[in-house]
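Two complexes are shown next, each including subunit A; its partner changes from subunit B in the first to subunit C in the second.
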Partner chain A sequence: MLIFDLLGPMAHFRKYYTNSSSLTYGFPPRTVLMGVVAAVLGYERDSYYEELDRGRFSVVIKVPGRRLIQTVNYVRTKKEDLTELRRLGRARGTQIPLEFLLPARGNHNLCFRIFFTHPDTGLVEEAVYRLRENRSYYPLYLGLTECIARGEYVLLAGRGDYQVVPPGSQVSLNSVLNAALLQEVLLAKNKGACRLIREKAPHSFGSGRTLRPPVSIIYEDRGQPFTARLHVPAYRFLFPNGEEETVAFLEG
Partner chain B sequence: MSEVIQQNSEILFLYDAKMCNPNGDPDDENRPRMDTDRERCLVSDVRLKRYIRDYLEEMNHTIYVTKSEGLTEAAGRLKQVLGHEPTGADLPVLLTKLVDVRLFGATMPIKGDRRGAGEAVNLTGPVQFTWGYSLNKVQLVDSVTISSQFSARATARQGTFGKDYRLYYALIGFHGVISARRAAAMLARAGGDGNAATSEADVALLDEAMLKAIPLLATRSKIGQYPRLYARFVFTDAETFMGDPREDLQLNPANGLRAVQDFTLELKGLAGRLDRVRERLDRVYIWQDADLRTVVDGQEVSMAGWLGDILGPDRVKTLGRT
Partner chain C sequence: MLESVSLVGRTLARGREDTEGAIGDLIKQPPAKPPRVEKIYLVKLDFQINENGPRLGVDMEEIDSSVLYRYRWVGNRKGSRPQLYLTTDNLDYLVGQALPNLRAAMEEMGRQDTRLYQGLLQITEHFFQKLPDGSPVLDPEKPGLAGEDFLAIAWEGTTGKPRERARDVIGKVADQVKKFALAGLGIKSSEAALWTVLFNGEPLATDPAYAAVVVRSREGAVAEGGQKSLRGICSVCGGENRPVTYDLSQLVFLKYYINDKKGFASGVSDEGFKKTFLVCSACFRSLLLAEEYIRQHLGLRIGQQIKFLVLPAFLIEPDMGREDLEAWAGRLRARVGTLSSAAVWLEKIAGRGGLETELAYFLEEQPQDNLALLNFLFYQYQENQSEFRVLGLVKDVAPGRISHLLRHSYRLAVNGEVLLGADHRSWWLDLTRVYRLIPISEGRRGAEHKKLLYIYEALLGEQPVNYHFLIRQFVALAAIFQTGRFAGTNILPPQAGYEELEMGRRILQANLLLKFLREENLLEGGWPLASIPELEGLNGAMQDYLREMDYNGPATALFLLGYLMNQVGREQAEAGYKQKPVLEKLNYAGMLWSKVLRLSNMVFDQLRQYDILRYNEGLFAIMKKLFDAHREQWPFSPEENVFYILSGYAYATRAAMKAKVERENNADNRGGTDQ
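== the complex of A and B ==
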């Protein structure tokens, strides 16, 4: 299992159901995680949906974001709007509010920790080599090409690097969670305040970049762990620096 | 013709804005884009690319995302360039003609093979920039109302009032990447036609535009902007990236600035980043404005000189602005 951090000063993970305003998720959805691994390995756009859908992904928000909206001009590509625009004498282009994630106070970069496994071990080893050597095939982004990112290798975790927490146990979860896998949230067991957010996010693409049914994702807004019981096993990692993280995979 | 690029680069670009508005937000009375939490101003990547495109157009290069042809939509622009409706087969010709697409990529509406089928060609260009942000904390000038002799309607007897927001001083940093793999992907899309993918000559043109474009654009809100530092780190291969160098830089002081003379820029933080990739650093192109004072451990040095010390002087190439 490959673990790596994805860092960058800005991010935009567009919500699939927004059109005239581009709003962002607070975390990279699974389709973004696939795209990041595809960029590391050098898969072309639209060429990897089936292959990487066989993988399992999890993501921990290490540095939470704050949201900032900037309006940007997009080029019009449709003829139909132009007559109308000329009549109104409005500026060219179309103005779109674009919501960015920026690192919360005091941090230079957003940081998302990504956990990735795949039945093809050769593929995982290739990704490990490329991240370890700073040799991602294509440049990495946090959602948009102007949100340039950097991958930082953390660990190639073997069987001895984690404990499996059986389904139904109480876990303090660090990762974002596919809501379908949740048994119950144990609010009373949380240390401190907890602000849970639920967002409907893309999970996978079919051929031709068609969106397969999205899933609801639950996460803690400030990147804090939250206590819950799950229908599926969770994985508790102990990192060499003493940090401990418990994650659930988006696929269950 | 010049070779299609084979090596990655990474760019650090600093320019400053004095008593002007580096990038207005069109939906916020054209106030400078701000990250108010950190008191930094922001500049979009498209603002930077607009400077470069305008410069390239001024130098008689044909570009795709143009301003000078008046109101037009993307499909119309492609027709202007080609003289006929674009189809998939025209992609190599379009790429050969349009230098900004070779650099930055584009989404181009091109007719599909099936009748009536619309198709957008998405090309991710090898050159990508982040949004820029100021390395210092910025303050907005208080007085903002201006008047205009032009009225909003032909029948009005008076001019109109408008808002004119300016910053006292911002030193703005951009990070950019140039991916040779993306150039190779473009070459493949263009059927192997070497004129239709990003070349060494295109990147040299980008270097030139980065140094010259901003002072050329002297509209009222943009007077007072000068490039201060440009460094392009070229790697030996098509895969290596070292990451955003802006986070390594430190301004002293970083607050209350009014001019380039008011601070020094500490470079020392860059050393660790360069050290991690030093075997894979082929060369560095650098240009530094004489007014920007760079220091290492508080000692004043030129960035070119300092890079020469740590990488060897033969790997450092100084760019000229004239």
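== the complex of A and C ==
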């Protein structure tokens, strides 16, 4: 299982149902994670959906984000503008409020820890090699090409590097969670600062980049762990620096 | 956000899947009453055909909710969509395109067998004509409302493109019909709020077939076989292989997804919209219901321009019926409404039991409180363009946070009353009060909202606010009062002669807001709370105020300087100055420490000059001592210097007023005892 950090100064992971005011998720959804791995490995756009959908992903918010709405000027592309645009004439603008995710005060970068595993071990090894060497095939970014990012290899975890927490056990979860896998949130076990958010987010693409059914995701806005019971196993990792993280894969 | 909106919609739609239920949910609020109008009416245009030929009768009914429902008031269609509703607030539509369009829509639906269609057929054939550009229009000559060739003459009298000319002619016809109807009914134009159509005395809007057309016109895009309908996966509920649409143009309010600009589509092609966000009929209907409901029941406003919605989100979906949702939403709105403006709530409960008891009852926890989290969505909406813009989103505010803020604000108001005199309305901090403390530019194009949302986000979302930012805003606020430049801002000009009093009140409110934020642990970058200075020699009330506001030595020194300036100002007013010259010595752009020192020397001279030094010598000495103690390392910025001087000035104004009220009360009491 490949574990790496995705870092960048700003992000925009557009909620799929907003474009006139583009709002962002607080974490990279699964489709973004697939895109990041595809960029590391050098898959062409639209060519990897089926292959990477076989993989399993999990994401931990390591640095909490704060949100900032900035109005940006896009080129207006209404029907009546198209003739002018084709003539390379003067394009009109349209103003769109765009919500960016920035690192919380005191941090220079956003940081998401990605856990990735795939039945094709060769593919995982290739990704490990590329991230270790800092040789991602395409440049990485956090949602928008303007939000440039970098990947930092953390660990190639084998069976001895994690413990499996059986379903139904109480876990202090660090990762975002697919709500369908949740048995119970143990609110009383969470500290006052815990702010759980539920969002509909994309899960995978079908052929021709059509959106497959979205899933509900639960996550803690400030990157704090939250206590819950799950229908599926969770995985507890102990990192060489002594850090411990418990994650659940988005696919269960 | 999508989850919460669709949950509201789904809850509302439960058990109301039939057309009657669907139309019931689309009924709109009555149009607003114009000023000085007591009653508004629905005017009925009765198209009659008998042996004498076509005739137009008129009747009216006072508007109430049953009238709105019976005549299916669902608003007009937005933008450039063809109008086809029978009840409208725009008579131009009824004498123009609405009836022919409705007839065509019914033909498309194959409903020619209905009473409604037959009525429309008769009306359009006997009363309507076509203008040279092909636009249909009521011919007022036919029912005898106008002389011969009215339409031809009207057309000749217009200029411009054919479409514009047609619009002008339709306007003239509408004027003619309106004149006839108002004269017949004996009402004024402002009282005729809505118009509807009758055929031979029978209202056409009450026909069940009409409800079906209206519902289809709103939800039609998703109907199987429609031009913009396809089979696919619903992006809201995730349901697969069902009729879905990408055309969301029927949503008029909560419209944060647009598909009229190719640049937003995957692959920059119209086909791309089919790949990103598709909605099935059940979800589409729930979105339609939710947008109307949320706007009416969960929407609030601060001032004229800052609008927001309170969207409940549930981590685990509760089993809530329509009634539960309505009751809970009503209570929630009242509570959040009080946080946005406490004045309305205070007015409502005036004269009832103790305020504290009322508040406790009002904040009593509701069954859904534990399950819900509230999203505050600040937005800008341009009705004409159906343009919905998100300005800010404060996510996941627990209902308990609202109660906490209200309680804290109440405690502070009580405290303020003790320190500054009875005036609950002034000292109760709410979102509107904060809005009046932060100067922002406001105009027809909207408000410059960012500064304000920064503070709201902090209060609701428990994030820190920068102290220096606030101080800059408060000094800018004082400058507006001093210079009288209220135009183009959100600061209301006070009554003439009350400028200084009002400015003082705001500065004291600003002090309370700082205290509020400090107590909430939300103030970032403020001065470290140094030990409270020795206040001996000051009167008790002033000592209480300074301690309560946590003033440190330098702030106290500036406060005293402001207080002394007020004493000088009073003498200047008595000497006949309209504008107190002493206030002009303040530079609202900020004052350096050296300037403050110079000002203190000037105040000393003035105290002597007006012969009031002997009353203020003690205060001046304490001020001087505090200045001297910190002169080597003066900790304040130029803006802070001005703010704390103004605070002292404001306090002195308020203290004088409080003393006057107390003197009057004492005199009244003595008078009562004597009797």
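Methods note: the second predicted complex is superposed on the first by the 238 of 252 C-alpha atoms of A that agree within 3 Å, B and C clash if a C-alpha of one lies under 4 Å from a C-alpha of the other, contacts with A are read in each partner's own complex, and residues count from 1 in each chain.
Please note the rule applied: contacts are C-beta pairs under 8 Å (C-beta built on N, C-alpha and C of every residue); 3 or more make two chains touch, one makes a residue touch a chain.
Quick caveat: nothing in here was measured; it's all calculated off a predicted structure.
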Would you check which partner chain A:Leu211 touches, where first means subunit B only, second means subunit C only, and both and neither mean what they say? second
Is A:Leu186 in contact with subunit B, with subunit C, with both, or with neither (first, second, both, neither)? neither
Taking the superposition on A as described, I'd like to know which of subunit B and subunit C A:Thr18 touches: first, second, both or neither. second
Partner chain(s) touched by A:Asn73 [first = subunit B, second = subunit C, both, neither]: first
Per the contact definition in the header, classify A:Pro97: touching subunit B only (first), subunit C only (second), both, or neither. both
After the superposition on A, what does A:Leu238 contact: first (subunit B), second (subunit C), both or neither? neither
If you stack the two complexes on chain A, which partner ends up touching A:Leu155: first (subunit B), second (subunit C), both, or neither? neither
Based on the superposed arrangement, let me know which partner A:Pro9 touches: subunit B (first), subunit C (second), both, or neither? first
Answer with first, second, both or neither: which of subunit B and subunit C does A:Cys194 touch in the superposed model? neither
List the residues of subunit A that touch subunit B in one complex and subunit C in the other. 66, 75-79, 82, 97
Residue ranges of subunit A touching subunit B (in the complex, touch as defined): 7-10, 42, 44-45, 66, 68, 70-73, 75-79, 81-82, 85-86, 91-92, 95, 97, 102, 105, 108-109, 130, 133-139, 141, 145-148, 150
Using the touch definition up top, name the residues of subunit B that touch subunit A in the complex. 25-28, 33, 35, 37-38, 42, 44-46, 65, 71-76, 105, 107, 109, 120, 122, 124, 128-131, 133, 175-177, 179, 181-182, 185, 237, 239-244, 246-247, 276-277
Using the touch definition from the top, list the residues of subunit A that touch subunit C in their complex. 15-21, 23, 66-67, 69, 74-79, 82, 94, 97, 99, 185, 195-200, 206, 208-216, 218, 221
Quick one: in the complex, what on subunit C touches subunit A? 1-3, 232-236, 238-240, 255-258, 260-264, 266-268, 274-278, 313-316, 373, 387-393, 395-396, 463
